[in-house]
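Chain naming follows the written order as A, B and C, and within any one chain the residues start at number 1.
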Amino acid sequence: MFKAIVSADTLGAALDSVSVLVDECKINLNDDGLAIRAVDPANVGMVDLTLDESAFESYETDGGVIGVNLARLEEFVGMADAGQLVQLELDEETRKLHIQIEGLEGTLALIDPESIRKEPDIPDLDLPATIVVEGKDIDRAVKAADMVSDHIALGVDETEETFYVEAEGDTDDVHLTLGRDELIDLVAGEARSLFSLDYLKDMNKAIPKDAEVEIELGQEFPVKMHFDIAEAQGQVTYMLAPRIQSD
Amino acid sequence: MFKAIVSADTLGAALDSVSVLVDECKINLNDDGLAIRAVDPANVGMVDLTLDESAFESYETDGGVIGVNLARLEEFVGMADAGQLVQLELDEETRKLHIQIEGLEGTLALIDPESIRKEPDIPDLDLPATIVVEGKDIDRAVKAADMVSDHIALGVDETEETFYVEAEGDTDDVHLTLGRDELIDLVAGEARSLFSLDYLKDMNKAIPKDAEVEIELGQEFPVKMHFDIAEAQGQVTYMLAPRIQSD
Amino acid sequence: MFKAIVSADTLGAALDSVSVLVDECKINLNDDGLAIRAVDPANVGMVDLTLDESAFESYETDGGVIGVNLARLEEFVGMADAGQLVQLELDEETRKLHIQIEGLEGTLALIDPESIRKEPDIPDLDLPATIVVEGKDIDRAVKAADMVSDHIALGVDETEETFYVEAEGDTDDVHLTLGRDELIDLVAGEARSLFSLDYLKDMNKAIPKDAEVEIELGQEFPVKMHFDIAEAQGQVTYMLAPRIQSD
């Protein structure tokens, strides 16, 4: 059993954070809210999303897992105007999801969860550096890197106490350096890793420009990025595997 | 002889309502205004437009018919800023239309009316149900249906006194129900017909979101939609033939 | 040696006026500012740009010439928000241009100036007619002509004291006439020449809508168009060769 009412904005933001990585996913219907974990087909980018029960106007479930086509579900949710409520109800018999937005009623066929890629275990990593920045700074770094290269290095200068972003192309390069006073917080540590820009561009799309993003970074290690959505009643973690350092 | 001055907005709205269905049309130059009737090449969608003499700043004609390429004429009219006046004058000898917008003067070659598809007779139908809705509700219904299907059913529930829209895709479906209090008016009657969504999407483009649209509907019969343009000095009627009910 | 600070808006407008004609250009680093002259590969359109020292926040050079890929440089400059400053510094050894915008630092490989098309000599022409119009009138004329033709005639009617624009297509034509009171200034003279619309459309993109544009015109002669950018601290001249009069 699953029956919930939630604002279209909140549900949309939650789904967007997952759909930048995968087309289909399992949604875990937990007592305390929805949870989605997914990894892209190449096993490079992972997302861990929770949307707390408190983010909903009403929320009832006795648990379970449903499989959804994210683009289809987002299209239905997109029929709502900003601020309108979306009512979701699982029909156990037909395995379809009923969606209501004002006078509009839709039925969305679910996907057999067994047919969807296994949910990843997102590893606990003890990463030496932590940087907290605004979403708009990640946006700026990604856009700048994209001018010259298809990969991007993130690192911390322990001496200068700065967070830096570097991208080197065949002929041109860009560097972005953010000092303590431009960062929300910094725990310096030995950290520099190279990443595929394509993944970071996709993740960037789902990061609100005004979000506080906590970046955990290591030396040729995956990066983790944590941020809140839905007025802190939803949490997103992205993990991105490093590329082998080219030289 | 034909000589008229009209605001670019009014003329543009009138032409748009026709050009969503056909590329070329005959314009009847009547004493009391312009009139256009046209049917699309597949004989599925028809339009009947009148633009009253009162919609013009000045209007003179001794009658006749001209053939126009709608896209070309719309392009000329589109050169005007909102609120500017367009002056039209027929050159009988060259069979060209002179168009003036402030200092700008253009000449548009006309098309031999004989070469244009015959104007349809739009049949008088005695349809059992009449629904009056706002243009924005038609827009919403069309967009919702378009998510799941390429056809759309319009109907009236006589018991509930509601107007409904249904679209069924292979796996998903949507339903929109509007009750008496969400409708401007409703004359209930036995009515449910299936239509091609492509045509309704085209017609929807020309329906102002804030227009009152009168829908006449029957049981597996064509639908008629009436609405005003140009501050009620122009009238548009669309008629759309039903599709055979699929099952 | 070259080191300068300039607002992104000013530098962007200057580069745009050149990039509508060519992909690469030489930038002359003069004592009194930057200067660019370029001609398109077909030798039909030329641009002469100067950006005065006074347009910069700071400007230092001991002269020289650098070759740039305009699209790449514009992309870097485009990373700045409106009103932000761009710092440029030439690295003589590596022949690269360092670009700084707030915390962002980039390096742009320069192009060997020898490999770039020779700078044109823009001829002194004694053209009989001079017309001064607003940029928005050029925009209107170009858009109107584009509806019917791929060439455009510019001319002056000495008797009527008007500036006119004509475009004739296979079936349709447009004429725009601007009298003394719609022009900022007019020195009448025998002048009518035909031009390729493609070039004029490109040049039009770089002409601010509110600029005063001085047009020098002759009888089957090139046209020259002069206008200011960067609050009159930059000057652009376009010269466009005429097409042979058709028919």
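To be clear about the criterion, contacts are C-beta pairs under 8 Å (C-beta built on N, C-alpha and C of every residue); 3 or more make two chains touch, one makes a residue touch a chain.
This structure is a prediction, so every number in the text was calculated from the model and none was measured.
With angles rounded to a multiple of 5, the C-alpha fit of chain A against chain B returns 120 degrees of rotation.
Looking at which positions face the partner, chain B and chain C present mostly different ones, since fewer than half of the interface numbers are shared. Centre to centre, using the average C-alpha position, chain B and chain C are separated by 45 Å.
Residues of chain B in contact with at least two other chains: none. Within the complex formed with chain C, the chain A residues making contact are 140, 143-144, 147-148, 171-179, 182.
The part of chain C that touches chain A in the complex is made up of residues 72, 75-76, 79, 103-109.
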